[in-house]
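Submitted below is the structure of interest, expressed as structure tokens.
Residue numbering begins at 1 within each chain, and the chains themselves are lettered A, B and C in the order written.
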Amino acid sequence: MAVAGLSRASTESTSTLQWALLAVAIAGLLVAPFFVYPVFLMKILCFALFACAFNLLLGYTGLLSFGHATFFGGAAYFTAHAVKVWDWAPEAGILVGVAGAAVLGLVMGFFAIRRQGIYFAMITLALAQMFYFFCVQAPFTGGEDGIQGVPRGELLGFISLNQPLNIYYFVLAVFLAGVFAIWRIVHSPFGMILRSIRENEGRAISLGYSVANYKLAAFVMSATLAGLAGATKAIVFQFATLTDVTWQMSGEVILMTLLGGIGTMIGPIVGATLVVTLQNTLATSGFPVTIATGLIFMACVLVFRRGIVGEILARLPDRNSK
Amino acid sequence: MTMVFGIPIQAFLGQLLVGLINGSFYAMLSLGLAIIFGMLRIINFAHGAQYMLGAFAGYLLLAWAGVGYWPALILVPLIVGGLGILIERLAISRLYNLDPLYGLLFTFGLALVLEGIFRYYYGVSGKPYAPPPLLSGGANLGFMFLPIYRGWVVIASLVVCLGTWLAIEKTKFGSYLRAATENPSLVQAFGVNVPLLLTLTYGIGSGLAGLAGILAAPVYQVSPLMGTDLIIIVFAVVVVGGMGSILGAIVTGYILGLAEGFTKVFYPEASSTVIFVIMALVLLVRPAGLFGKDA
Amino acid sequence: MAEPAKPLLSVRGLNAWYGESHALHGVDLDVYPGETVTLLGRNGVGKTTTLRAVMGLIRKRTGSITYDGHDLLRLPLHHTARRGIGFVPEERGIFATLSVDENLVLPPVVAEGGMSLDEIFTLFPNLKERRNSQGTKLSGGEQQMLAIARMLRTGVRTLLLDEPTEGLAPVIVQRIGEVLRELKARGMTILLVEQNFRFARRIADRFYLMEHGKVTAGFPVSEIEDRMPLLHDVLGV
């Protein structure tokens, strides 16, 4: 996907200033639960990880998936089932969710990769809808009610996740691990190849790369990390429902990434924070969330394609062009 | 009672008819999508919302102005098409030079807004819309009972689809559309106002969706949600058919509708997903689609 | 031929860009009514770009383009034809989804004085036989004829032709030469881009030589022999 003006924003070299900012951010996250409602923070962290995972596919590989809710919500279902019905520990439950998301990613990716561009997006949408219908009918998902009352359990057998601070730091650790994993992927040789596929797929093919395999690998990685976000969310909120596997949820993560800045590392985090906060605020105001979401989508596509972080990066004076 | 494949023939034909009805709407909607995509290179996610708009326009014309079904058949496509022209002029025309995925995202946002507005005012339950007296009731054909309005839907959709196809393939205006689809700048260099053609195309596509909506109102009830779930199925239809050919889009719509109906007879749980399964199969053996011309 | 004072087409200081790439660096040329002018030059000097910039297919332009007293630079693309200029592109641009007949009548009539279909079929009899074939089923030569023929119905007074003989057999090239001479006789003004020097030499009245996105020389056909050393240097003829 040839995204406006991003060619230079994607390789952010680390500098002392950036390390300092990162340290400040992490310090802030460490003390945040003392100032802000921890469940709200955890919701942001889960969706931020979801958006970062999605951005690995869109911003860095150039593939728009309209079906990422399958991995997010699917993992939530798998984890909820493992923890509630099989009585597994939370970390094992999350692993089940992640593994399930990886398998779903492999299957969906295998079919979607066979077409490019707009068809790829439509196929992911259709397959995700298929998974949604499956979830509606399958007994293990609990249908319209979903899986409720998922126990948080004890991490490693002794850390009770029912304590707000315990579960907050656990989710923070998962989030940081996930984002770190994405950062490593993006800045690895593998990540460079993904970016070259985004820029010019034809050239990558002519250079001898089996582009389909790279795309599929990126797809599975993105799905797995999205699954990590969904599995964690199931433990935090203690339920998994159909809402998590709808096309609206797939649209939400696209919006978070678009609003924050496609192809930037912190853009999706910013976008997720904004969207979750917006939804929270609107929930009490009576203004329909779908209309707000739709309006922001349209505005972003028309006048704000680089997203917030993208716009900021574009205006920094010392960035030279690609 | 005659049996076919082990079930009563009435039940069998009844489900096939339902499949044919669904297929009629799949055909009309994928036709509109294919026309818009062909010319504008934009996937109109709002197509389902425009279909819903058509149904609501018919409902509101009756509720607010007492305008019945037959005048609505003319007015509704004009209203929805007119709205489409407005949207194209204001927003969509600015997206032509961008990656086509932005068009998908913009129309996705538009669909959310349209659905959100109607959901806000009308809730999620369906409103009834009665078929006109002329088309009410049913006919007993012996081997099955045919509701007259259902039969009308099938005939009307065939007329609309074939009529549109003829207009595109056989008329002068259609030749402008086909040529502009292939090489818009050259056609413009000949003196044809291609930007206007693009606007009209989006208007025609939206109008077709609106027409499908008013035709659907007596069948499916009028609900703010009727569009978006349908459009995702139509996307699958379009992937199966391939977007290169108008006729391909139409034929695939009917075939997949019938496949859905057929599945409902023998394996009802799979009926909501069979089209997606067919899509997956087609992707394996013929990725460009059954009638696809482009890779 | 005594030239009237005013050129029909006048280009001054034309600069044009393909995206970031600066393709034309200030082209100056004139075409007088009824003349056939040829742009000569090596591959990539900007001959096709000049035609496309005059037509308006390239929008990033500065300078001045005047046709029949009207400014072309600020005109929207679909108005340029209505001023009376027809374009025959290098790739011919025959539409695959249209029949030969539909291709032929596609460009709208923009002025009076265009040929009737009968006259066109007299000039191009093989097109009449193939009327209902799909446009791209024609041979290269037939497609080139079609690309020229469809402009003749429109009433344009000026034709911009981009490499009409490229890739065609000598017999067809000769036929095209006859057609162009016939059009000349009917008063058509022609701006031609041609690599085939011998072909250009036999129909053009004047030449411009282009190098690196500029016109570096202009001369009438009578001076061709004197210019041969220069042309040999630059073009290798």
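Everything below uses one rule, namely that a contact is a pair of C-beta atoms (placed from the backbone, for glycine too) under 8 Å apart; a residue touches a chain by one contact, two chains touch by 3 or more.
Keep in mind that what you see is a predicted model, and the values were worked out from it rather than measured.
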| item | value |
| --- | --- |
| Separate pieces, if any, that appear once subunit C is removed in thought | one piece |
| Farthest-lying chain, centroid of Cα atoms versus that of subunit C | A |
| Chain with minimal offset from the mean of all protein Cα atoms | B |
| Separation of subunit A from subunit B, taking each centre as the mean of its C-alpha atoms, in whole Å | 33 |
| Separation of mean Cα positions, subunit C and subunit B [Å, integer] | 45 |
| Averaged-CA centre spacing for the pair subunit C and subunit A, given as whole angstrom | 55 |
| Per-residue multi-chain contacts in subunit B, two or more chains | none |
| Subunit B to subunit C touching residues, read off their complex | 172, 175-176, 178-179, 181-183, 185-195 |
| Residues of subunit A touching subunit B in the complex | 1-4, 64, 111, 114-119, 121-123, 125-127, 129-130, 133-134, 137, 247, 251, 254, 258, 288-291, 293-298, 300-302, 305 |
| In the complex with subunit A, residue positions of subunit B that touch it | 43, 91, 94-95, 98-102, 104-106, 108-117, 119-120, 228-229, 232-233, 235-236, 238-239, 269, 272-273, 276-277, 279-280, 283-284, 287, 295 |
| Parts of subunit C lying in touch with subunit B, wherever the complex brings them together | 55-57, 77-82, 86-87, 89, 93, 95-98, 102, 105-108, 110, 154 |
